Amino acid sequence: MIPVLLILTFIVFSLMYLTPGDPALMKLTSQGTAVTDELLAIEREKMGLNQPFLVRYFNWVLGILHGDFGVTYSDGQPVLPKLLNGLLYTTILCIAATVFSVIIAIPLGIATAIKKDTLFDNIVRILTFTGNSMPNFLISLLLMYFFCIKVKIFPVIAKASVSGLFLPTLATSIPMISKFARQTRADVLGQLGEEYVIGMHARGVKERVILYRNVLHNALGAIITIVALQIRTLMGSQIVVETIFRWPGVGSLIMNSIKARDFPVVQGAVLILATIQVLVNLVTDLSYCLIDHRIQLE
Amino acid sequence: MKKLMAMLLTATMVAGLAACGGSSTATTTAAPAAPAETQAAAPAETQAAAPANAGGIFHSVEAFPYASLDVHKDYYSWHTQFYGISETLFRINEDLSITPWLAESIDVNDNVATITLKDGVCFSNGNALTADMVKRNIERLGTENSRYAYMLDWNIECPDDKTMVVTTEKAYPTLINDFATAETGIMDLDGTEDFDKNPICTGPFKVKEFIPEGDCTVERNDNYWGGPVNLDGAVFYKMGDEESKLLAMQNGEIDGYVDIAAASAEIYGTDPDSYQLFTVPTQRRVYAYLNQNQLPDSVREAIVLAIDREQLAAYMNGLISPATGAYAPETPYGKVQQPMWDVAKAKEILESDGYTMGANGIYEKDGQPLNLTISCYAKRSVDTVALLMQEQLKAAGIGIELKIEEDPDGTYMSSHDYQIGMYVSITDKTGDPMNFLEGTIKSGVYMEVAGFGNAETDAMIDEVRYETDANKRAEITNAIMQKVYDSHDMLFIGTYNKNSVLKAGAVGLGVNNPMQFYGIDANTSL
Amino acid sequence: MDDKYLLEINNLTVTYGQFKIITEVSFKVRPGEIVCIAGESGCGKSTLIKSVLGLKQLGAQITEGSVILDGRDITRLGVEERRQILGTQIGYVPQNTRGSFNNIRKYDVQYKETMNAHNLPFIREDAIKLFKRLNFPDTERLLSYEPWEMSGGMNQRMAIALAVLQGPKLMLADEATSVLDVTSQKEVIEELAQLRDELGWSILFITHNLGVASHIADRLGVMYAGRMVEYGDIRKVLDDPIHPYTRNLLAAIPGKDRKMPVGLEGRPPLDGAEWEGCNFVPRCKYACEECKHKKYSLNEIVPGHWVSCAEGRGEK
Amino acid sequence: MSKKETKTLSRRELKKRQLQRKTLILTAIVAVLLLISLCAPMLMTHDPYATDPLAMKQAPSAAHFFGTDYLGRDVFSRVLLGARTSIFATLLLVVISFVIGSVIGIICGYYGGWVDNILMRITDILLSLPQLVLAIAVAGIMGGGLRNALIAIGVTSWTSYARLARSHAMRIRRLPYINSVRMTGCGDIHILWKHVFPNLIGSMLVNATLEIGTTMLSIAGLSFLGLGVVPPEAEWGSMVSEGRAYLQLAPWTVFAPALAIMISVMIFNYFGESVCDLANINEV
């Protein structure tokens, strides 16, 4: 677990280092005004950019071990609180979107699997393609246009409250619902072909029980994998939704610091996101065993 | 020498003598002899000041709110002043004239400047503004902000509460401009507990609630020295996305905002009775460097002649207006401009230099087709400008390929490895040419990437630096620019406009002021 | 309808898609009686069972005739009504040993599920007592295992045990022992016989293995290409087969007299059920012109012994 | 097929015949789609790069089937031209990551042990790497353009297939008949290819065909930052993000490419599903 995080942060550190663009220069010219070499030198000194590459990396790692994520280049504020505050909101949105998608997509997937190749199945199929091939900024804007302008339930300028959570969750969920529904349908179809389904029917077991407690249970393995994979893309693709719906998540902070080559913020963010990712992977592997005891705990 | 350079550059970054041409009354520059005119007490917002409807909360947006409101740090003052919290000794008006604000007047005598403060100016917590407090503010700015470290070398004394005497090493013509920059906003250093969240300043509004990198709410400063404040308060929502601003405006949730995108401007334009559109050219210009070391002179000259700026700007519907020089032709130092669009002449020049028209409409010389690359980047629609240039240059027989970089400074601006390099920067900040001359024309400076720099122009630039007579400064600047244009090292394309929108009936928000850091004030109304 | 029969199949015709699989099959099963249906694969015996079960998913549809269970016509039941009788009235043991239970969920959860489906209480002790009675191994912890941990035979026996708890009257065994090795086969068959004696089940046992049939069945039906060609008491049909196909089938049992039997050339016609006349004509020694048009009918030549054709009776 | 002929087929044969016909039709449709994108230059009504100040943001009309965009370029021709870059680039990327991902996933799922551990740790690292950092680094080091954008996306996109394949492989490895097949002396390769792969192809294909849409959109995300496609080159994803600002003024500039993406995803998905149904039929 730890080596993974270390290797990852080293890769990111070297990637950022290799990328052209000098953070000091970017900060000083952020308003487009000219800058002298002295100023650049002072700023570089302040940012510690003059130290050799490895020294800077080890200083950063040492800092992390003491729980000190360092200070951002852009405004000298400590990195950790900034990240954690944003991360809290992003995680809330992620969980809300995932739960919302799962609640809608799983039954949809099962229904389309049962009613295979009927009109309902084709309509859902077309909807999922639409949901899946529209960029999230288009979905967000259309949702905002509908809910805030046409139907006026929500204000365009949302507050970071529960009501402000609804639209971003919906916008994030639409592509996810498409993915989950398709995946559930494919896996449930696979399971429906199994003999035991008929065996259970022959025993008079209720349809609902067969579907949700058995067919779905067996198909859960692949579905959980897809859900876990979505969590990763979620962390990355939140930026657009968060910006449009003013959700104070960490997405825009990460995006801007990558563009401004704000190393400490990017490193800190990657470390935290990676830890979450590895935990999520661990949980999914564990869940495989819970579902299918044949898979021993490797 | 280095320290001097730093001092000159940062000074000009904001400096700008008020010698704007015929537009405003002959407000003299800070010529040593005549002291600047004293303006009326209230800040001279040239709009009709009578507020249509009093009171109310003004809702606007801020795309990239900073993490703190500390006036002296980084560029935070651009927001504190926009939010009507902080004020500076002098103020830059819409016609780039500089008039006293907190100060009463300034009297410059060679390298000694005596500034007297207005009477009755006080902070929002009631404490009176004293010359000593101004001095301490300047010192704090020098220590907190590396761009103003040169101010620490000034010798400032305060003989009494109302006057401050600033002595500089040598004559410093742009002192008044320095004191007109937002960074020199004045804070009550004793009365402020939290500089980041609630700086106590002299402005018409004070901070009610501030979320770092989030929304900022200000309320009326009841004991504002400059008379009655019309608005009850204002809210600046954090909104990074252009389309959401448009929807919020259409939904009536915000009353106006600045820097609107071209597309939004078009939409607002279709509904004149509910939206007021404002366009004012700023000092930010988009231009192309033509690399002297990689392109022969004839090709560079042909490129300059091949660009039709009118048609190009037509595509940008209001974002950019055509510019044929580093400075606006109205400015005294902008008299010299680049030649106008003339494709025939461009082809003539190429043909006279041995280029023959190839099969696919591209010129060739000894077998080599004239295929060049434009290096550009995706911010401020620079890539769209490059795209349109590609079209026009192809019509002139020059094949073009686009090379998009994620960030210019890290790539072709530092490596100088480009043929045509697009760039955007502020040329004559606050009406003074120095900023561009020293930032881009002087040899060896960061933005001097086209190989133009030579000793002769450097000497002329130094001359401009210390010349206090505005007309003389303009004359030398024109001569310099003539040399730049003759070298065909740079192709000026357009000036960015500051497009703003206000709800019908609303007034203010600094929509006519080219500067970015003038927003709401006592007269702003809904 | 006299109610002394538990199951009556009258003139049953079943189609799959647009193909007729079995036609005009009729026979009756008394309570407590084990009826075996034998025949080559593809003769429609599994379809017969599936039509009795009547599950839509199986695809077989009854177009004519009726299935009467304990006096009640269950040919065209609503889904919910059918669900109620499946399990509590009709038990089912599939051919595929992994076909009864979900492979990766514990037995007791699946038992509980099934019992709750009919709001029957699930008491572990009763189940364990039953396991002991049916001399299952390791009865105490049996319920906590999962099907994949058990052998095929054990799975079948667990399925039968679960059926016992549900208390059906009729058990349908669709080649329940075909895939098993001989020992498990014996266990399953003895278990069924024991349950028939104790609980008075009637069992409709489908097999292609006449050895198994002779051991357990009271009556034997022989099907060919979708038709019941011979039906009667097991002893009568085995000792004195009348229909040419049955005689040939019995001759095909190896090992009775050490001599490799004479096989029957060709294969039953897939669409045999659609023919008007006798569909054994292509392979029947005694086939004549008239056979092709003779209307199929099953008639009782000897009491308790029905045949559709008595040609060449007595010959070996 | 006449009624007589169908009689002789068994039920499963018939269903398989139907599926084969369906797959054939869908392969034809996919071929047509690829053909259109290949010979787009012939079908184009206008020069996709020619800007025209007079015809900016015109509604769809006889002259311009899909109207014109904010620079007066014909959207219809750009969608056609964009088809080539979008479909082939994305298809290439999805197929490559699908193959790499499935192979690694199967190996991890099937063998387990230290092989699984190492490969999975590598996928964890790549999964946690923010795509944006990678994209900017690749663009910075190797320059912008579609090829490098695809590389940036490709480096991490195979990991999702790997994890999915792994979860399936772990399930399939436990199937009873796998042991029996192994008992008959088949080598692992044979088992993997003949039994494990066909079993998980179904679910994977469904995911892969969906990824086509997502990949196109991630190219759009990169173009939005100036990393992906170099204008004026037409690519559906970047056309959608370019048209974003003009959603109210000229919605067709956004909906035309978005529709194109949707239709191609739908075609590939139908195709993917019918192939997987066919694969399941053979296996069951």
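Which chain is which? They are A, B, C and D, in the order written, and residues in each are numbered from 1.
As a working rule, contacts are C-beta pairs under 8 Å (C-beta built on N, C-alpha and C of every residue); 3 or more make two chains touch, one makes a residue touch a chain.
These figures come from a predicted structure and were not determined experimentally.
Q: Taking each chain's centre as the mean of its CA atoms, which one is most distant from subunit A?
A: Measuring from the centre of subunit A, the most distant chain centre belongs to C.
Q: Would you indicate which pair of chains has the most C-beta pairs in contact?
A: A-D
Q: Using CA atoms only, can you tell me which chain is the most central one in this structure?
A: If we average C-alpha coordinates per chain, A lands closest to the whole-structure average.
Q: As a quick test, compute the distance in whole Å between the mean CA positions of subunit A and subunit C.
A: Averaging C-alpha atoms per chain gives centres 55 Å apart.
Q: Taking each chain's centre as the mean position of its Cα atoms, how many Å separate subunit A from subunit B?
A: 39
Q: Centroid of subunit B to centroid of subunit D, CA atoms only: how many Å?
A: Going by mean C-alpha positions, subunit B sits 47 Å from subunit D.
Q: Once you find the CA centre of subunit A and the CA centre of subunit D, what distance in Å lies between them?
A: For subunit A versus subunit D, the centre distance works out to 21 Å.
Q: At which residue positions does subunit A touch at least two other chains?
A: 19-21, 137, 141, 259, 292, 294 - these are the residues of subunit A that touch more than one other chain.
Q: For subunit D, what residues touch not just one other chain but two or more?
A: Residues 136, 140, 174, 225, 244, 247 of subunit D touch two or more partner chains.
Q: Residues of subunit B that touch two or more other chains: which are they?
A: 243, 405-407, 410-411
Q: Could you classify the connectivity of these chains, where an edge means two chains touch, as line, ring, star, complete or other?
A: Graph shape here is other: it fits none of the named patterns.
Q: Of all possible chain pairs, which ones touch?
A: Chains touch in the following pairs: A-B, A-C, A-D, B-D, C-D.
Q: Going by the contact rule at the top, pick out the subunit C residues touching subunit D in the complex.
A: These residues of subunit C touch subunit D: 16-17, 19, 59, 98, 148, 270-271, 274.
Q: Mind pulling up the subunit D residues that touch subunit B in the complex?
A: Contacts found on subunit D: 49-51, 53, 56, 70-72, 136, 139-140, 143-145, 224-227, 230-232, 244-249.
Q: Touching residues of subunit A toward subunit C in the complex: what are they?
A: On the subunit A side, the touching residues are 195-207, 209, 213-214, 217-218, 291-294.
Q: Considering the complex alone, what residue numbers of subunit A touch subunit D?
A: 3-4, 7-8, 11-12, 15-16, 18-21, 125-126, 129-130, 132-138, 141, 175, 178-179, 182-183, 185-187, 189-190, 193, 221-222, 224-226, 228-229, 232-233, 235-237, 240, 254-255, 258-259, 266, 269-270, 273-274, 277-278, 281, 284, 288, 292, 294-295, 298
Q: Which of the residues in subunit B end up touching subunit D in this complex?
A: Subunit B reaches subunit D through residues 242-243, 246, 261-264, 266-267, 311, 314-315, 317, 377-379, 383-384, 387-388, 390-391, 402-407, 410-411.
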